[in-house]
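Next come two complexes built around subunit A: one with subunit B, the other with subunit C.
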Partner chain A sequence: MNDDALRIILADDDYDDRLWFKDAIDEIKVKTILTLVNDGVELMDFLLKPEVHLPNLVFLDLNMPRKGGMECLKEIRSNPKLKDLSIAIYSTSGLERDIEETFVKGANIYIKKPSDFEELKNIIAKVININWHYHTSGLNKDNFLLNLY
Partner chain B sequence: MKLHIKYDINYCCKIILQEQLDKLKLPYTITGLGEVEIKGKIPTSEYNVLEKSLKKYGIEIMVNPKNIFTQKIKDAIVEMVYLEESLPTTKISAYLSNKLDKSYCQIANVFSEITFTSIQNFTILHRIERAKQEIIEGKYSLTEISWRLSFSSVAHLSNEFKKITGLTPTAFQRIMKKRKETEIAS
Partner chain C sequence: MKGLSRNISTLLFISLTGILIVVSFISFNTIKKNYSSVDWMMKSNMIKSNVNDVLSSLKDAEIGQRGYFYTKDSVFLQTFNGAEKRINISFATLDSLLKDDSAQLENLNRFKKLVDEKYFILVTNLKLFNVSQLDSIKDKALLKGKNKMDEVRKQFVLMLQIEDNKIAQHILVKDQTATVTPISLLILSLFSILIISLFFIRLQKETQMRIHSEESEKLLDEKVNNRTIQLSERNSFIETLIDSSIDLIIVFDKKLCYLSMNKIANQYFEEYFGRSVIGKRIDEVNLQADQSKAYDNALSALGGKIVFQKNIKSTFDQRYYDIDYIPLRNENEIYGVMTIVRDVTERFTAAQKLKEVNAQLEERNNFVETILETSKEYIAVYTKDFTLIELNKATEELMGKKRKDLIGLKLLEIAPLVKGTKSEKDLQSAFDGISIHNEPFQSLTTGRYIENYIMPLKDRNGNIYAALAMANDVTNIILKQKEVEEANNLLQLQNQTFEIAESIAKFGSYRWNIKSGTMEYSDNLFRLLDFEPQEFIPSYEKSLSFIHPEDLTQVINNGEKTLQTGLVSETPYRVISKTGEIKYFRSSGKFSSESGNNILIVAVQDITSDVEASNELQNKNNELENANAELASFSYVASHDLQEPLRKIQGFSKRIIEKDEENLSDVGKEYFSRIIAAANRMEKLIKSLLSFSSTNLSEVDFLETNLNQTLSEALNVLNEKITNLGVVIESETLPTLKAVPLQMHQLFSNLIGNSIKYSKPGVPTQIKISVEKIYSNENEGPINKDNTYWKIAFSDNGIGFEQEFENKIFEIFQRLHSKSEYEGTGIGLAICKKIVVAHNGTISASGVPNVGSTFTVLLPDHHIS
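Now for the complex of A and B:
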């Protein structure tokens, strides 16, 4: 079974950010399958495909054209089929009000985009590690909040 | 009368596997290298049935013994963190080697090899998880919770809580309360 590979999807409209994220994931020792999409519309299309093998972890940029992260968050959390997804908000905003609002709306993780590659790698590794525990170690996902600002 | 039979053992095994796997009604592929890939997860009850029906043909599902041992370690830690009314003050290392009858060094090595994390990390994660539950339940104050979970003080609990979640216990409490309110409102 290839079930031990972690499936991750990143929705971000910035090409450089996507590339950077992919490089960071490639350097982490956990086995992952990464999907990249350009915005919220593509993300929701992907998640709602009837035959899709759902990801374990969604990284969501807040500001995207067509459909932003907040809207995706709402749609994902109101769809019972998607209730097991862990959602990480991946944003440039560091306002405490924004952070709390995303948590209240059902995000599990808040990440302020780092400017340093090593830091990005550390953050992603930490997120993957804790998320993995929530999937395999009987932790209650409803209580899963992680703020990496 | 004597019949002379020629058979292809690989082909036989493949057919048996197919017959048994078809019963699961899950999409699968047989890779031919002694591996079967199944899309999605098998419920434990069906896994047990599959294991049993394959055993009849002398086919065994191989499990990594280290995985099984790691599960035992996790179970022991979780049991310690959740079942005790307040956490025992004995060291986790002594508790585990006593409970699992192996040296702590052996236990810790297998654990980090399989989980990519340490026993200390895993334990603190679960202690904080229990703290979260008790915070949400609202039955105990933070002082009481820190005492129940064998933290030396509220400050110590808050520190560890923040390290694991990035939030203070109070912010966590506020967010979960608001979440509940918006859920009720919608």
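Now for the complex of A and C:
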């Protein structure tokens, strides 16, 4: 694997969204390695594999079967090995309540799924950029909150 | 007695003998003393004579000396020399005589010494006279001799004196004894004679007595024998007598224990006490209740008194007895007590009955007298010639004269007006044996109501001897009756009214006398329970039987509380009526005291319809809550699940247009653009629906809101359209009021946007906003009274609408025009209405087609949440 590439993982049970997300990533001119999982259980399995190379960014849908995004968020933040991961919530819900709750539980970015592909591309590009910036500048992760929708 | 006298005799004898011995001893002693005194006297005389002898010898010696001295004759010397010899002999005698008397012995010795000295002087002088011629020396020697002689003489006198004294003493003793001794001897002799005589007499007597007693003993034996025979005859007679007595005769011994009794007594005790009482003490078993009294009486009898007890009730057979306690004596001693117990029940009960009858008679007399005296009725008794012979106090007072002044007067003298009246005739007819009762009639003279009785009084033979007239003033009673009748009528009327009221107001009542337990239901309470009025007799238990089983415990508990606190619980409860219908009742009531009885008066109201209505309301509320909850979940669904596929449609459609436009035919392109338009519209619909539903969901604060600011913000949002379409907006100065700023913003932009949207084609929109302060009592003030409202009207020159659609335009998704004519979701005005209502205001619309519309908003000046 190429170490220069940005490792991204998306957990979403919706096939269309995964497809769309992949298309958007492909069209952004950034070296990325994208992993797609179908739900929270698969995500946690992946992250907890001993030989895993942890991703730089986790995109997390909230409403998933078996294990939802909120649950994954909690598990990740309470696991010493995973707690420093950058997490972007990626949800259809634009409810203020949901947004607040995810931030309280430790999400860094909140993205409401857009209906426009171009918009999606822009948002992902922005997130990757910011995250990159964060990586290289040593910004305080606790202050790294971004609401995009 | 005999023993005693014998003892005394013995004692007497011993003492007399003792006295005799003592007296003899004394006499012997006295005599002895007498002799000793004589001895003493003789001795003293001898001493005296010897002393005299000594002195005279000494004198002889001196005489001899003098004689020789003068004569020188030796004869004298013989005398002189012989004197010494005699003196020595006397002294020897004296020594022996005085050997027991030490004092006198000493005197004697001194005497001796003096005599010796004198004799020596004599001897010396003799020699001197023989030798000397000198007179002076001779004289001196003589004087010396004389002096010594004086001393001797002195001593001599002393000794004699002592002896004389002794003699005198002994003479005294001797004299005494000489007198006493003969007397005592005499007495002794006489006394002895006396004693001897006494004993002699006694001895004589006893001998005689012994002879006599032997004779009398014989006689007595004979007598006793006779007497015993007599006594046994007598005893059997008495025994028969005692046994045949119907009285209980009981003999007690000295300890007051039952000793014996006659047959009947024995039977009595056997019957009632169950066994023999012989040996028991009188107070251990006794027929009278007060057993110690029996004991005391018997004790008095034992002391010699005869005691009577009358009318003692026996605890054994409950009959009455007289009891006599009689002491039983033999010759001089009381050896027991006999009681005679006589059954006097008949006598006692008869006396008792008589007493009772007397008491009753007396009571009755008192009673009748009291009645007569206290009765308010006028009572008078007349004889055949109408003379008043008796009257009571009331009559006395009526006539205003004293009884003594009235008795003996004739009726017509007392009341002349009676002459010829019915009363006079009535009195006359009483003497014909007819009793008359006149019902109350109104007196013509006094106007009062009188009722009277006139009846004959008969003696024992049935002869009429007087007539009794009794009159009663019943005016007050009659008047009271009338009052009561009237009150009854009124009460009946009230009752009827109440009955009607009860049935109309669906309530009934009951009265419950707590003490007696009696209960009365009002007619309507029966009807409420679906019974006919008074169909059953109500009771507490019966009442409970109507209570719904689930409410029974509560009702009983409340009932108990009511009894304790006096407060009737107003908690509703269910009853099951006769027809099985469940009804809700509510009670209210209070306690009232009626002639000492505690009466609970309770009004019972049938509140079934109220409860049902309230239940229905509750159900509606629940439904509404459910509906709200559904709406909330709907909005959630709308915001998420509905948007999800829509987003996909939009996204993919756009992607196709962007990526594959060149591969699509023109028709395909056209269709895709329509899909996108439809999806966009769908998105708008969903979003406005969400915003509508969130209008009441969001809990927001009311703040001071300046509507001028709100307006300019709304115009800002719409700025592009306003500029493009050349819209003209005029507004008066708007108020500041308490509102939710965001909602006000939405209200303003919706209303203005609405006017812009529905403008006439080719005509620039003109909007006028007018403001007016109004009060609720004005015609247009529709909601709360005593409140000030701001009336804000938005008027435009748009297409207007038919007035009949006024209400429809505020309904959600209702549109008056087609989508193609005017874009819109049909939610804007619905939201406006919702906002205004949430602010306790109203919104109305008026319109004229092709002229314009006016939307009028009324908002309260001070919002009261």
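Rule of thumb we're sticking to: the second predicted complex is superposed on the first by the 147 of 149 C-alpha atoms of A that agree within 3 Å, B and C clash if a C-alpha of one lies under 4 Å from a C-alpha of the other, contacts with A are read in each partner's own complex, and residues count from 1 in each chain.
Heads up, the rule we're going with is that a contact is a pair of C-beta atoms (placed from the backbone, for glycine too) under 8 Å apart; a residue touches a chain by one contact, two chains touch by 3 or more.
As the structure is a prediction and not an experimental result, all values here were calculated from the model.
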First (subunit B), second (subunit C), both or neither touched by A:Thr92: second
Greater residue coverage of subunit A in the superposed arrangement, subunit B or subunit C: B
First (subunit B), second (subunit C), both or neither touched by A:Asp116: second
Subunit B versus subunit C as contact partner of A:Trp20, first or second or both or neither: second
Which of subunit B and subunit C A:Lys29 touches, first, second, both or neither: first
Complex contact set, residues of subunit A against subunit B: 1-3, 29-30, 53, 100, 103-106, 110, 129-130, 133, 137-140, 143, 145-149
In the complex with subunit C, residue positions of subunit A that touch it: 14, 16, 20, 63, 92-95, 113-117
Touch list for subunit B against partner subunit A, complex: 36-41, 74, 78, 116-117, 122, 125-126, 129, 132-133, 136, 164-167, 171-172, 174-176, 178-179, 182
Subunit C to subunit A touching residues, read off their complex: 639-640, 643-644, 646-648, 650-652, 654-655, 658, 683
